[in-house]
Each structure stands twice: as C-alpha cells, then as structure tokens.
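Chain lettering (A, B, C and D) follows the sequence in which the chains are written, and residue indices restart at 1 in each chain.
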Amino acid sequence: MHISRVSTILTCPDRNYLIVRVEADTGVVGYGDATLNGRERPVQVLVEEHLAGWLEGHEAERIEDIWQMLFRHTYFRGGPVMLSALAGIDMALWDIKGKAHDAPVYDLLGGRCRDRVLAYLHVHGRNDEELIARSRARMDYGCRVLRYSFETPDPRNPDTVYRQPHQDIATKERVEVTGDLRHAPAVWDSEVYMRDLIRVTHLLRDELGEDVGLIHDAHERLSVAEARQVARELEPYHLFFLEDPLEPLGVGALREVRAASATPLAMGELYNTVADTLPVLQERWIDYLRLDVTHFGGISPARRAATLADAYGVRTAFHGPSDISPLAHAANLHLDLAVPNFGIQEFVEHDARVFSVFDWKIDMSDGYINVPARPGLGVDVDEDAAARHPYTPGYLPALRDAMGAVHDW
Amino acid sequence: MHISRVSTILTCPDRNYLIVRVEADTGVVGYGDATLNGRERPVQVLVEEHLAGWLEGHEAERIEDIWQMLFRHTYFRGGPVMLSALAGIDMALWDIKGKAHDAPVYDLLGGRCRDRVLAYLHVHGRNDEELIARSRARMDYGCRVLRYSFETPDPRNPDTVYRQPHQDIATKERVEVTGDLRHAPAVWDSEVYMRDLIRVTHLLRDELGEDVGLIHDAHERLSVAEARQVARELEPYHLFFLEDPLEPLGVGALREVRAASATPLAMGELYNTVADTLPVLQERWIDYLRLDVTHFGGISPARRAATLADAYGVRTAFHGPSDISPLAHAANLHLDLAVPNFGIQEFVEHDARVFSVFDWKIDMSDGYINVPARPGLGVDVDEDAAARHPYTPGYLPALRDAMGAVHDW
Amino acid sequence: MHISRVSTILTCPDRNYLIVRVEADTGVVGYGDATLNGRERPVQVLVEEHLAGWLEGHEAERIEDIWQMLFRHTYFRGGPVMLSALAGIDMALWDIKGKAHDAPVYDLLGGRCRDRVLAYLHVHGRNDEELIARSRARMDYGCRVLRYSFETPDPRNPDTVYRQPHQDIATKERVEVTGDLRHAPAVWDSEVYMRDLIRVTHLLRDELGEDVGLIHDAHERLSVAEARQVARELEPYHLFFLEDPLEPLGVGALREVRAASATPLAMGELYNTVADTLPVLQERWIDYLRLDVTHFGGISPARRAATLADAYGVRTAFHGPSDISPLAHAANLHLDLAVPNFGIQEFVEHDARVFSVFDWKIDMSDGYINVPARPGLGVDVDEDAAARHPYTPGYLPALRDAMGAVHDW
Amino acid sequence: MHISRVSTILTCPDRNYLIVRVEADTGVVGYGDATLNGRERPVQVLVEEHLAGWLEGHEAERIEDIWQMLFRHTYFRGGPVMLSALAGIDMALWDIKGKAHDAPVYDLLGGRCRDRVLAYLHVHGRNDEELIARSRARMDYGCRVLRYSFETPDPRNPDTVYRQPHQDIATKERVEVTGDLRHAPAVWDSEVYMRDLIRVTHLLRDELGEDVGLIHDAHERLSVAEARQVARELEPYHLFFLEDPLEPLGVGALREVRAASATPLAMGELYNTVADTLPVLQERWIDYLRLDVTHFGGISPARRAATLADAYGVRTAFHGPSDISPLAHAANLHLDLAVPNFGIQEFVEHDARVFSVFDWKIDMSDGYINVPARPGLGVDVDEDAAARHPYTPGYLPALRDAMGAVHDW
C-alpha cells in the first residue's frame, strides 16, 4: 500500500480548519488535522508545495519512517508550522492504517486501557450569578470537572473588562473569534485579574461544593512572581489543576511556581517536540501534560511524550479547543483510551455547522465521553460540504498592558 | 475477540524454553516467550495458576489494559519472574493482534523505520590464533560488528582458565550450558582478565583493522575501580560498545565509569521495568540500552523504554542470547524495525533442533538481518514437536573468587 | 552443621502462608516465612525445584554466603518472588543458628538495644462514630499510636463506598480478604477520598486530642499532584507519618511530595533490595523505612537496609500486616530490638486459628510489645496442624477508576 | 515614519533567497533576508498573508515593539518558519532605521568594538593531496582559520563516498545543491567517517603546522557516544572548535561531550529563540554560539543572545553559509563589529550571479574582513535583476544509514 496523493482542504464551516488528505493506491483515504489558528496558509503551502513531493510513492504503513524523514530531513526542524503539517500527515496515515486493517486507531495503539474518558467543559460567566448558574447547569448535565473563566471590570477604568479566552457553547460566547482584532488590542492588568481570580474561586467552592473539579487557565499571562503567588493562594480551593501559569519558553521558571505551592500544574499546549517536554517532565514541574496533538506532530509523537510523562508520574490532559477540528479531537480520544497515564480530556462542543463537514457522533454522559468503535479515527469528511465553506482569514486577538506594551495573550 | 484459554509449553529442543500460548474465541492463537533461564518453573506456575484466571474472558485487543492489570494488581510488582510471565503474555497478544488484522507486528508498531537490521554475532577463541581465525571467518561471512570473548590461563594456577559467557555457533561452544555446575564453581580473577582484555583487544585491532566493530561483554564482573580503568584503557581501540561493566543494581556507579572514559557503554539485560532505566537514561550514563524483551515484560514496555531512550539520545541494542527462543528474537526484530532510535541487534543462531519447534526462517546477509513480512510475530510453533522435547532442569554456572567468595557471574 | 533438607509448607489456617523449612544434619529445624500474598505457588516452586538443590550440603552457619550465592548466582536477580524465597531461607537459617547456639536471634544480631517495642495497631470505622469509639477503645487499651482508615460514600453514586485496606482485629474486618475479586473490581475516586481524609483527620484530632499518634496509609493510590496536596493539607494535624503516598516505582516523585509538606513520610513495603532504598535514603525523602522483611530477602538484608537508614537519620517501621505469618512478625521484633534506629512497629493480631499452626505468645501492654527470650525466632510450627489447613488459592482485590482503567491498589 | 507596505521577493540568482521588503511612508525602503532553504514558500506566505497586515500602519522606528508583537501575538510561537519571517522583517527595519538616520547599522547597535573581523573560509578536498593543496592556497591568501571537509570512500562499498556539507568557492563544489535529492538518498556511516576524520586531522596538522586554526563541522550526524569519542580523540590537534557534534534537540547530551574532552565546542545554527540557547550557555557546554541571524529572528534577538553568551564567557561565531543572502551576511558583520564577545565569523563567497541582485562589496585581507561604512545594512537590492531569476524549488539532500533508516543530515 503506497501513498498516491497528498492534498489539503482549507475550510471554514465556523472556524478555519486545515485538513490533510492522504490517498493510498488501494483507494483508502485518510484525513488528519493540520490547523494552525491564524497561520493556516503557511502550513497548507508547506504540505502542498514542500512535503507532498516527499510522500507520494512512499509506503503508507511506514508512519514512523515518514515522520522521522519529514522531521529530520527538513534540517530546519521544529516549530508550530512544521509540526502542524506533520500532525496532519501523521493522523491521516493512522486513519489509513486503521481503515486498511479494519481497526479503530486505539486498537493499533495497544487497545483500550479504559472504557470511557473523563472530560471537562468550559464555563464562562459575565458576572458571578451567571457563572454560578452556568456551572450548576453543567453539573446537572453530569459534568464532574469544569474549566471556569470570568470577567473583571477594572475598578479604575470603567470601560475596561478583563477576560480569559474561553469557549462556552452554552452561550455561544468565545473570545477567540475569527475576525480582525489587531487594531483594537485588549488591555490587561494581572494585578486586578489575580485578585478577582481568588475571589471567584472562593465563591465557586462555596456555591458549588467540593464535588466538582475546578480548572482555571491563566493562559500564560502571569509573571513568575504572580504565578507563585496565585498558585499558593489557590491552594485552599484545591483546583483540579492550574493551567499555563507561565509563557512556554521560560521553562526553568516553573521550578519556582512548583516550589511555592501544592496546587497541581498543567502545561504543554504550545510545546512542539518531545525536547520541549523533557525538562518539565524530568524535573516533575507539572502534573498534567497538555499537548496539542495537532501542533505536536500528531499521534506518533504525542504517544511518545505520554510514555515519557508516565515514567515521571505525569498524566495527560490533551488540548481540546474549538480551533482544532473533530479529527484532532478524535485523535485525542483514541490516545486517551490507549495510554495508561491518561488524566483528563478538555472538550468543547463544535458548532453544528462543523459537523456538516466532519461527520462524527460522540456521546458524553455522566461527565464521560464514550468513543464508538469505528475503523481509523472514525471521522468522515464531507469534501463537498467543506468546499461550500471557504477559508476566511482572521487575526488572533492581541493584549497590551496599561503602558501600551505587548503582553502575552 | 476475547481470550478463551491461556496455557504454557515448557520444552527443551536444545535449551529450555517456556512458551505462553493464548487462544482467542475467534480461534486465533498467539505465542510468546516467557523463558527465565534456570527459573523456568516459577514463571510457568505464575502464568498457569495465578495469571491465566485473570486473562480468560478478557478482550484480546486490550493489550495495554491487560499489561497494566497484571503489573499493578499483583501489588508485589516487578522482578524477573513476574516480568517474564508478562512478556510471554504480551508477545502472545501482539501475535494475535497481528494475525487478526493480517499485519506484521512491526506495522502495528508504526511501520518499518528501516529496511534491514544491523546485527552482531559472538566469536570466541580458545587462543589468539583461533580468535583471529574465527573473527576473519565471521567478517568473510559479512559481519560488520563482532562480540569477542576469549580464554585467559591464570599464570599462577596452571589448571585455571578465565572465560566470558558466550555462544559461538560456529564451534558449538557455549559457557551457559544446561547441566549442573553448582558444585564445581568456576574461579575468577578480574586482574588477570583485565590485563588480557587489553592485550587481546589490541591484537584484534591490529589483525582485523578498523573496518569491523568490536563489542566486549564484561558481564557485570568488574568493580567500579576496575570498570573505570578498563573503559579508559580500551579507548584507543574505540569499541562499538563495552557491555555490562557493572552489576545492575549499583546504578549510580555508572556515573563514575562514564566520567573516566569516552568508551561507549551498554547496559540493560537485567533491567525489568522502565523505572530501572530511568536513572541511566536521564543521566545519559549509557549509549546503548540492552533490554531483554522477555525479562522486561514484552513488546509494550520495551517500546516504552525505547521511547524514553530516544528522548535522551540513547540507542537500542536489545539482548539476543540463545537462552530465549526465536519468538523473543522475532519480537526484538519487530521492535528493531519500528523504533526510530535502533542501534544494533545481538544475534545468535539457535541449534537446528530449536527450529523443529519454532518454524522461523530469517536471512542474514552482508551483516544485516532481513525480516520477512508475515502476520503477527511470524514464528510458527509446532506443539507436537515441543512435546517431544521435555523440560530438562539445569543450573546456571557460579563464579567464586580466589578466596572462595561469591562473585557476580 | 550442614543443611540436609529444604522443603516448604503451604498452609491456610486463616490466610495462606508459605513456610520454608530447613533441616540441618544435626537435627535442628528452622522455619522462615516466604509468603507472597496471591503469588504463593511460584515462590514455593522456586524454593523446591530451583533453590533447594543449591542449599543441600551447604554449611548452615554461612547465612551470608548462602544469601549472596542465591541472590547473585541466579543471574536474573531481584523481584518479590525471588526475594520472598530468599527471605524464607534466611529466616530459617537464623532460626537454626539461634536454636543451635541457644540464643534468641536478637542476641545474634548484637543484642537488645531496647527493652520493649513501640507498636501501632489498625483502627477502622465504617462511620465517624464507630471510628471514634474504636479509637478510644484502642487508647484505653494503651495504644499510643493508631493507623486509622475509614469509609467514604461517593456523594454521586449511592452504592459506592471508598475504603482503604486495613486489618482491624477488634471487628474482624478486613478489606484484603481471600477469595476471588477479579471480576468485580472495586471502584476508586481519589478526589472524594482526599476530601474525606482531611475531614476525618480533623475530626480525629478534635475528638482524640493531641496525645495519640496518628498514621494514615494512602496505599500508593495517589498521583504526585494529589500526594503533594494531601501531605500539605495534613500538616496541621501532625501525623506520626503518612504512609505510601505514591506507587513504589516512581521514586523521584517523592522529592515533590517532600518539597510540598513537612508531614513525615514513610515508604518501603514494596521494596525488594537495598538498591531500592538508596535514592529515598540518600536524598532523605522519607522519615521511616517500612521494609517488609519477607519480601526484602529476610533478616540479613533488612538489617543492612536499617544500617543505611541510620546513616541518613531515617528510622525503621517494618511492615507488619496479617498476610505474613507470626514467623515474619517475630523476625520484625528481633530486628526492632537490635537496630539502633528503630522507629515504630506495625502490628496486627492474627486470627486465633493462625496460632494453632504457629505457636507464639507475645504480650502487648501500655502500647509496647514485650518479646520473650526464646532461642531462634521463638515461634514453633505445628506441621500437623498446618497440614490440616490446605492452601486456598485467592486473588488480591483490584481497583479500577470510574473510567474503567486500572488503578494502583 | 510609518510602515506603508510589506512585500517579499523570492529569487534564485544561484540559490533561492527570500527577501523581505519593507517600505516606509517616507519612501525609505529596507531589505531583510528571510530565506529558509527548502521551505521558502511557507515563510513567504506567512509574511505576505499573515504578518504584513499587522505591520502596515505601524511606526517603523519601533523595531522591538514590532518584534515582540509578532512573536508573542502569534500565540503559536517559535520555529524556523516564524523566526525566519521575523528575521526578514527585523533586518529590513534596521536597514530602514540606518538609512533614515544616515548611519551604518553597527553604529545604531552601539558603534564598532573592533576595526575588522576575523573570518574563516571552507576548504574541501576530494583526496588528501587536494585538501592540503587547497588549504595551503587559503593560507597563502591570508586565511588564519580554515573549516576543512573531505571525502571518505567506504572501504567495503566501492561506490560509496562519505562527504560533509561544504561550500568551497575555489572549486565551485557544494554538497548542498539545489535540485531533487529525495529519491536518491545519500548513505552515511559514522564509523568510517570518524576514523577518517582523525586521520585527516592528524595529516593536516602535520602538513600545515600549528599556525593555522582548524575547524571541523560534524553537522549533527553523531550519536552521543560517537561525539564523545571524536571530541576526545581530536584533543591532540587542538581544533579552533568542533562544530555541531550533536543534533540540536538533545540538549542535555552536550554535557556528556563536554565531560569527555577539552576540544572547544560550537553549536547554534538551528536554534530559533533565546530559550534554545539558555541551557548551553548557563551550563557552559559550548565555547562558541553559532546562531544563524536569519533563522533566529534577526538582528534584535541575535544581539540579545550575544549579550547572554557574554555573561557566560561564550563567544559568537555566527552562521555564514551560502544559503543565506548577502543581506544576512551583512547583518552578521554589523553584529560582529558591535558585540564585545565576538569570536569568529564563518564566511563563504557567493557566486558572482548573486551579486547581480545584491550589490555588496566587502574586502577580506590578511584573514580579516573589513566592513565599509554605508548607511543601513549596506547592501543594495536590484529588484529587476531579482525578477529575472525566478524561484526554483528544490529539496535538501537526505541521508539514510546502511539499514535504510533516516539519518540526521
């Protein structure tokens, strides 16, 4: 079985998704997700103009060889553009292998280690009442763990409100919209946010009780000093984990946050290679590794990183936002079932239009996701539907602080 | 597909081999190797009387779940008896999965990363002439890397000769014989051996030139001081690697050998779990990880350890002696083809009688092994033939030093 | 005095116990405990079919030589099966030596360092009232330190109750029953348990005051994140120690728990060799070393490990559950009297039927155990009684989490 | 002064170069190099379709703000595609600033720290005689330091020759050709190469004497074991430095090479961010930092990394190959003049056709480069000439080992 054709589909049923399509000479077609939100086109060009030529004619079963070849023989390796392209190809090849052998990908990865997958959803409140009401609605729906976000009016600047990025399908709210946010950058003040974070967390524990897990995403906006302080002050509310306290490149600074607090820590959505994970795992600075399978090069390397994490007692919490497609969410779930050290899965429901392109039905009940046993990744792509939703370029939002300086978003 | 029956076959076509046989309710039968040389029966009893009851009725596709269940739910985990039993079961399940999906195991592991596998053979000489002659014969046969062993008469004790364990099919010689060696323990003097090792290595380089890789196995018989000295004195002859300079439990002492020399180091044949590998990998004290897939719990954990090794720039050199069966050698080769950080494969040809039980044809040419594409592990077991070669209990040989004290063998 | 015969007795007066019986040519008979709960038969086969042949004819006084010979000359060393076998042999040889010299074992170990031995008992409550009442009863009986366990109903699953393994003779309750628990695995939720642990501990301190030592056994069920959090939150109740916060193979993770909390930590019941203890001692990650003399190879290596612990300021708390026989408990007590760095002794009273096989009287008063001065280990074995209680195979219980994944038990 | 237009020019006067062109509303035009060899198009698309929209309207003087904005507000940060795009923009903005203020860039960087720049050239020999002859010619021309490469026939495979990548203008030879090398991957054998490296280095020292600096580039092709061995064996020939002994992601492994040898080490041409440089600087594992200004995000971050290197006693040796344009070479030289801890500059002469597009004259005499005082970077771009040399897609060469596995190139 050889690869006969590699192409891409860039579609925007609600958000932009870049699909890699690999066709084998046996007629089997596999699909993978290569979406890099806000940078879709360089990945597309990389796959179509540079990588496809390496792939056509190669044996489709040799996934690892293809991965190594594309990774090492580019020489200038690494980074999100390259690894997103690799991820799309890797997923498509696992999809093909599963279809060719009539096996769900999880069976090719060693079989299910568990029957269902603990997942958490986002809940956002524009004010305390809304946050509590929506949290309760989630809990009534069966959710056992929630990722909460909120809005903090700046007490000194009446028009300014600080928010965290989120995706709350219940209300169709989303900070990470498609659109042009370059010229109206949001303002950010960590001090005000931190104070409100402690207050809101206290309120949630008070109102919701101890029976729900709470996750908060600091979204890499804190300094080391701020992260140390927040992690320690959050201890009494024993979060499920505190996500992304620091920006990803200042690796060694995590040691300081770790030393300051017993609050569980999670990082990883901006890591691209196993080398990025090595220090945080080896030094045991985190409790959950939150790789994004689409920006980490796909299923093959994500499994490798999960193996490393397991050796260090770290669990997985693969990134599951709405800016990756159901193909990537399916890849997450196949890994979730197969790796021994699974922790939790972030999950957001896509807009209904997304499912007109990606035919995928999964079922969440009692706070757990049940994954149907279908060959390959189990997601069908309707290429005609995809063509009806053309690419719509957008810009990610931008934060600046009160002095007008760039702030990590 | 569920497991319907788990049993074992203990056979001695030449040496003792313990085969685990797993049958699925679809009729597919898988075989794995659980041989623990000199301790075959405890493993057999463990599989038959304790583990089989856990397995029957379980889903055969869920290899990782079964592995975790047997490993963790024994509570008293680890050790060669338990891990050999697990290895036999794990290999048999991969064999079943391959046969059920009509795929060689290497394709289930991500596909081939390479076309053929660099292997080394043993060469043993009772004197210098024989060692050189046999080495040349191996080289003429295409061998690119040799593991050499030799015999050193004790200059002060005319009847005493120091040998290293080896398996040289060319001459049917083998130190690790089946039989009773308890009451005539061999004597050992590291000083005399070390002096001869340097002399013999110099001679080999002189006679054979630089175009052949040289491997020597110190077989865990050296003290830290001795290992440091030998590793340094061997530098000019740039070995492919020096194997097992130290006994396996004194882990931290490897740091000292490392610091003393640039000679590449290999260890691992006595490791049982990923936890055993962590310090040597993380500290990069070795260059080659020599796991024995049969004593490390099988293909699933061996792949995990290879993944860890890769993250630290360490390559594989899976253990391939004659006291594990062709099933285990096949497992080695499937891993060798599939892991990106393969280094080299130890290989010994089994006696022809072995192949009357294990139907397996592989081809070595030009110093490389070519693995045929057959479903599962690709080794057929003739159960009738196995029954014709009943178990023959034996004892491993024992070393003592000149004072009569126990010496690591 | 030479060893003339080595055999085993597998008996189930209440639970299964594997006794190693060594007979010297002088007629002296020694007994040791080689019980490996749930894996009795591989140990028995190892002793009878593989090790006995090495022992017969050997000088019985050379305990250390025999230990080294069996440990090193098996080549594939380590692990609970091998070390349990070694423990049975080692204890039996110390028993012989004591009887031959008319000396209690503690005198052969250098003589008593103390007159009596501080011990703790288990106390289990099915609800708060019962836990408090039973704790008070223990205190009235003289107990100075208690190991407490409790039951936590899952607030969301009315039929589910989380328990910790325990042995509370007062009520004849025991989670670790003999029987077949494979097919109805217990469920486990660390979150719910942790919350209740803090609540119960708070309650106990409140009700019992500060004059009683409190020990809790997390039984290796916590993740690193959870262990950090619990150890920190338990600080105000100053436990005597928190036992087994983590599974035994993730050694380096103890550093993280240590860094997060001043709560004293104890580990070790799953260690098999001195090499296992080295990192936790050297890095001073624990305060009490809880070796199980029966799974650590017997009295000889347990004394070695105690010596190492002393060098690092760590005290002993040898494992004393009901799944090892009075022979092993006696070995514990001889060590407790003889080592300078004794800390505390876990103690559970066996069912009366057990004493029909093992004739042993000890006396606990005022929270301390007094050890009678009898030759050898001081426990007589009634072989006829043992024969009347044949082996009853069983399976250890199995935990799975709410997703159906294997959880450390 | 605001940015009015950002565009790109992709041209192939000899090799492919991607030029970023930034125009200010004052009419000043700046040029920067964003060439990513073999991946030109994704960088071009990134600049044109994603980044240009952020830049137009921004103040051109705010180089640092623009750099931070583009780096941080992409969210998915890092990697060669992104950093090459940033480099092109950064250089173009420094070029504009220099031209706007009528100042060479080095004056804006704080002014010249030195008058001229020590540089080394490549010398390649197809055999010993040619290598020596060409080295002598270089020395006669004034060169004080040479980077040598050579060709090694495989003794066992008559048709196979191992080479290192190089650019030797004297003979117009170059391994890194434009063209399609995918389907005929070169073979590589480190063993044979290493042996020849020692032999050739010995020969060069013998023939050329001690008065010339020798640099060898292992081009990331060695395993840790091989790098340790080679670095140690090269000690007697005291190289100026050994370049890129290891692949860039296995960062910690450099410690091992460092520990094994006193041979000076240089790395960095594949680093993309300051975070990549932190471990090697902080641990002082290298002596020379070989950043590629075009793949590291431009002049601004390269200066930051040089500052860090200085704090740790590490000197610069900026990457200067022929696959970056004279714009990047000019950026190197401006930095070389301005940073206090300059070490040496790699330099290759471009083909004459290149200068038809990039109008740049520099002068090398006595082994030093003299940089003319011209505003901005000092390189004029002839856009019409560029248009006459359209983009010619190519593939980088690919190495595989004798087993057919991917080898780092």
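Everything that follows uses one rule, which is that contacts are C-beta pairs under 8 Å (C-beta built on N, C-alpha and C of every residue); 3 or more make two chains touch, one makes a residue touch a chain.
No experiment lies behind these values; they were computed from the predicted model shown.
Novice: When you check each chain against chain A and chain C, which touch both of them?
Specialist: Chains touching both chain A and chain C: B.
Novice: More contacting C-beta pairs: B-C or B-D?
Specialist: B-C
Novice: In terms of residue numbering, is the interface formed by chain A and chain B classified as same (over half shared) or different (under half shared)?
Specialist: Mostly same residues: over half of the interface numbers shared.
Novice: Based on CA centres, what chain would you say lies at the far end from chain D?
Specialist: The chain farthest from chain D, judged by C-alpha centres, is C.
Novice: Could you put a whole-Å number on the gap between the CA centroids of chain B and chain C?
Specialist: It comes to 35 Å between the two C-alpha centres.
Novice: Please tell me the distance, in whole Å, between the geometric centres of chain A and chain B computed from their C-alpha atoms.
Specialist: One centre to the other, that is 41 Å.
Novice: Could you grab the centroid distance between chain B and chain D? Build each centroid from C-alpha atoms only and quote it in angstrom.
Specialist: 45
Novice: For chain B, write out the residues touching at least two other chains, lowest number first.
Specialist: Counting only residues that touch two or more other chains, chain B contributes 65, 68, 113-114, 274-275, 278, 340.
Novice: Based on which chains touch which, is the overall arrangement a line, ring, star, complete graph, or other?
Specialist: other
Novice: Please list each pair of chains that are touching.
Specialist: After working through each pair, the chains in contact turn out to be A-B, A-C, A-D, B-C, B-D.
Novice: Quick one: in the complex, what on chain A touches chain B?
Specialist: 59, 61-66, 68, 97, 101-103, 107-114, 274-275, 278, 282, 300, 303-304, 307-308, 310-311, 338-340
Novice: Mind listing the chain C positions that touch chain A in their complex?
Specialist: Residues 155-156, 191-192, 194-195, 223-226, 228-229, 231-233, 246, 250, 252-253, 255-256, 259-261, 401-406 of chain C touch chain A in their complex.
Novice: Name, in rising order, each residue of chain A that touches chain D in their complex.
Specialist: 36-39, 41-43, 45-46, 49-50, 53-54, 65, 68-69, 72-84, 182-183, 247-252, 270, 272-275, 278, 295, 393, 395-396, 398-399, 405-409
Novice: Which stretch or stretches of chain B touch chain D in the complex?
Specialist: Chain B residues touching chain D: 113-118, 144, 210-211, 213, 235, 238, 241, 258-259, 262-265, 284, 287-288, 312-315, 340, 342, 368.
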